[in-house]
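Each of the two complexes below includes chain A, the first together with chain B, the second together with chain C.
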Partner chain A sequence: MILRLKDIHISFTNAHNETFDLLRGVNLDVEKGKITALIGGNGTGKTTLFNIISGFEKNYKGKIEFEGHEVNFKRMPAYKISMEGIGRLFQDGQLMSGLTLMENMKLASNDTTGEIPFVSLLFPNRYKQAELKKEAQAREILTRIFGENNKYLSLLNQDASAFSYGEQRLLSLARMLMGGDRLLLLDEPTSGVHPQYINTIAQIIREMKEREGLTVLLIEHNMHFVREVADTCAYLDEGVIAEVGPTNVVLGNQKVRNSYLGL
Partner chain B sequence: MEYVFHIIIMVCIYIILVLSANLTIGVANLLTMCQAAFYGIGAYIGTLFLMQFNYSFVLIAIVVMFFTGAFSLLISYASARLKDDYFIIATMGFQLIVYTILYNWTDVTRGPYGIPGIPGIKLLRIIEISGIYGYLCLSLVMMAIVVLLFRHLINSPFGRALNAVRADEMTAQALGRNTIRLKSMAFFISAAFTGLAGTIYASYVSYIDPTSFTLDESIFIISALFIGGIGNTKGPVLGAVFVVLLPELLRFVGLPDSIAANLRQIIYGLALILVMFYRPQGILGKTILK
Partner chain C sequence: MSVILNIKDLSGGYQEDVDILMGVSMDVQKGEAVGILGLNGSGKSTLGKAIMNMIPIRYGEVFFEGNNVSSLTTSQLSHCGISIMQQGGKVFKTLSVWDNLQLALSKQPKETLDRLKSIIPILQRPKRQLQRLMADKLSGGLKHQLSLAMTLSTNPRLVILDEPSAGLSPIAVQELYEILHDVRETFGITIILIEQNIASAIEFCDRLFLMEQGELKIQLDPNDKEQIDNIFFR
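And then the complex of A and B:
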């Protein structure tokens, strides 16, 4: 088990001072080396749960275990959680504009050599070697995912904003392979993406699991996609995990079909 | 010829000021309205050391940069807790507080009377820089060093990480970057070099008073930055040259001083409006303020 969520609660208060319990005791075990899909209707708290796991939401109750150890995520800033090995793709997450594709890839690396001001002036060789290593890693990842002589290799110095939304989603996923993450949280990776890219996204996610040995927890509304990539599926409803199990079983569950899929 | 040299010295000082502002505003997307406060802090600390101690310029520069940078921690604290417009207003508050202190702490700053007779800078405690030729050489050398340092910073992994903060702070955090620390370092460096420009200015003009370090001056520095362009080193250099040379060029048109002063403000304003409309990244800029 790479991640264990124990009795996670979170409430929000609206402008009229009314308190609303969004998560009412979420318990979820995410198995190491597997792809788990988190499904549920809009506003059920899936993204909030991701925010809790990745350190962007601190006002929750409950316990989180990561790799067998209980970690106080409330006290850890988001960047430290990332350094612990939990990566995150946001729902509207794209490449960072104003930076080239290569710069985007390098930023995802855990190696922060040269990010202290003027240090790269003092130790130029160490800095150059680190940069060359990151460049080689970026090229290798892009080659592995998109094939030899793919167009992205010739567009490494292109500003990120020059790529289409779908391409940016693909490249944002590829970028996640640069870091030393062991658990990836992907918030609707196919959202707003042209169908032609969805197969590539599925391929990248499978690659993350099979070649990199990573664990993936993803939020997704595209049930064909979920059926294609996810080993396990968890259904979040009314603030709790109502169903969890093999994807085909959960998606075939009558309760899920009635309340979420409307079948 | 001295007139031309004076203009070149002022251009060099403003290039340092605008480049420093560019690191926080243009690269990290943190619009601060208190650059003149750091300019003033640097000028007054430098003056104190120049008048009280017989230290070399290198030592005074290090001390001034350190202390002015230390004041930036107040702004870093605000940036960690305030966002967008609220942060901008907080920096304006800082600017007004610093001005008020400089104006009213008369025992130290002499308030509105200013401090006259500021001695020249001493290189290595032996050679005193005096006269316009000395300051021309010093300001040209300092400007060149600062341009090279900022160019290096912007293109280094540090600049890349700061650009990530500008583009998408949450994603930068999700990629393992301590954005509060990155912003604090940017504020420190920006304030430190602004303070250095203040010391060179104070020593060069040999007289300072608080009216040189007002909110208007902060707006003037930011205007230069936005006209020239943000996110790289070319834009700020062009902006600084433009705002310093414009009033001098108007002199040659032969307009009376009273009209030229107003016309200058109108041209600055018009230039800002045109740039915002047609080239929001500035004439030679790289990025757009979000």
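And then the complex of A and C:
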């Protein structure tokens, strides 16, 4: 078990002082080395749950265990959680504009050589080696996703803001593969992405799971993709995990079919 | 049928020296739905923005209902009868649903809201509820409905929809496309649909174009299963 959510509650109050309970006791175990899909209608709280796990939402009740220890996520700023090994792809996943594509890729690496003051001055070689390694890794990832001699390899020095919305989503997913994370939270990795790339993304996620034992929790509305990659599926409905189990069982469940898939 | 939109050799991009569109030409017939498909970064959204004059055009012309509209600004175009619904269902997040609608409808005749009400479910809720509901608290499906209502508020005759189904749950996608069918049938609006959801585009559109590196490369017939399988599901 890499992540365990125990009885997570969250409610919101609007400007008219009306309270709405969004999550009403979510219990979920995310198994290490597995891919878990979190499905559920729009507005059921899937992204809010991701916000809680990645430290953007502190106003919740309940307990979270990460790698067997109870971690107080409420007291940890989001960047610290990310340094613990929980990476996240946002729904409107964008690159950092003002930085080039390569700089964006390098940012995500967990290799911090050269980030400690003076190290890059005292050990210029070591710093240079690390930079070269990151660059090679970035090139390799882009080649794996987009193929040999793809256009992104020639646009590595282009400012990130020059890429289209869909491209930025895709490239920010590529950026997550730079490593360092043990749990990836992917918020709709395939939304707005061309089918050809969706298959490649599915393949890469599966490979990373098998080769590096990576755990993935993903929110997704593309059922074809969910069937393709997810070992486990959890259905969030009315504030609780209403169904959880092997993907084909959950997607075959009558309630899920009626109220979510519309079949 | 008559041609409602005619694009001639449209070229341009976000920066002056880098063209994203490489001479796009196409005709859209009145009342039809035309789908634009293609890889990420092929220039689909850029084409939508270029028609709406939201980016610098370096070369080429756009004719709407026979008139050259290339030099009109985006707001003039929307008064002439072309609207765009941008990616991600854009609404004013800090305003209530009702205020969003009021903004869009401020200069429109009263009947417009009633007309929209008849086909867009979120508008059928009581006014009091819409006044209290903040736009950023809407679920994805409802946000797209609101965004669509705002897009349709100027009574356009041509609408460009940029990935209306992205991020919606399967059931919300179905609902949205049912609404879009109504939009076509009830209002007789011509639609240019930019989509990654190929299944929805095939079902909805009369004609499909495949965009590659800034050019409209292939025209597809949505009923030609073999050709579509070859291109998208190899």
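The rule is short, and it goes like this: the second predicted complex is superposed on the first by the 228 of 263 C-alpha atoms of A that agree within 3 Å, B and C clash if a C-alpha of one lies under 4 Å from a C-alpha of the other, contacts with A are read in each partner's own complex, and residues count from 1 in each chain.
The rule we apply is simple: a contact is a pair of C-beta atoms (placed from the backbone, for glycine too) under 8 Å apart; a residue touches a chain by one contact, two chains touch by 3 or more.
It should be emphasised that the depicted structure is a prediction, and the values quoted were computed from it without experimental measurement.
**Q** Touching A:His16 in the superposition: chain B (first), chain C (second), both, neither?
**A** second
**Q** With the two structures laid over each other on chain A, which partner does A:Val71 touch: chain B (first), chain C (second), both, or neither?
**A** In the superposition, A:Val71 contacts neither chain B nor chain C.
**Q** Just chain B (first), just chain C (second), both, or neither: which does A:Val244 touch?
**A** In the superposition, A:Val244 contacts neither chain B nor chain C.
**Q** If we overlay the two complexes on their shared chain A, which of chain B and chain C does A:Thr113 touch? Say first, second, both or neither.
**A** In the superposition, A:Thr113 contacts chain B only.
**Q** With both complexes superposed on chain A, which partner does A:Leu153 reach: first (chain B), second (chain C), both or neither?
**A** So A:Leu153 meets neither chain B nor chain C here.
**Q** Could you pull out which chain A residues touch chain B in their complex?
**A** 54-56, 77-79, 82-83, 87-88, 90, 93, 96-99, 103, 106-108, 110, 112-118, 120-121, 127, 131, 179
**Q** Help me check something: in the complex, which residues belonging to chain A touch chain C?
**A** Per the stated touch rule, the residues are 12, 14-16, 18, 39-44, 91-92, 151, 162-167, 169-170, 188, 191-197, 221, 223, 259-262.
**Q** Okay, in this complex, where on chain C does chain A touch?
**A** The contact residues of chain C facing chain A are 14-15, 18, 38-41, 43, 45-46, 87-88, 132, 134, 137-142, 163, 166-174, 196, 198, 232-233.
**Q** Can you check the complex and tell me which residues of chain B touch chain A?
**A** Chain B reaches chain A through residues 149, 152-153, 156-158, 160-161, 163-164, 166-168, 170-180, 182, 185, 189, 231, 286-287.
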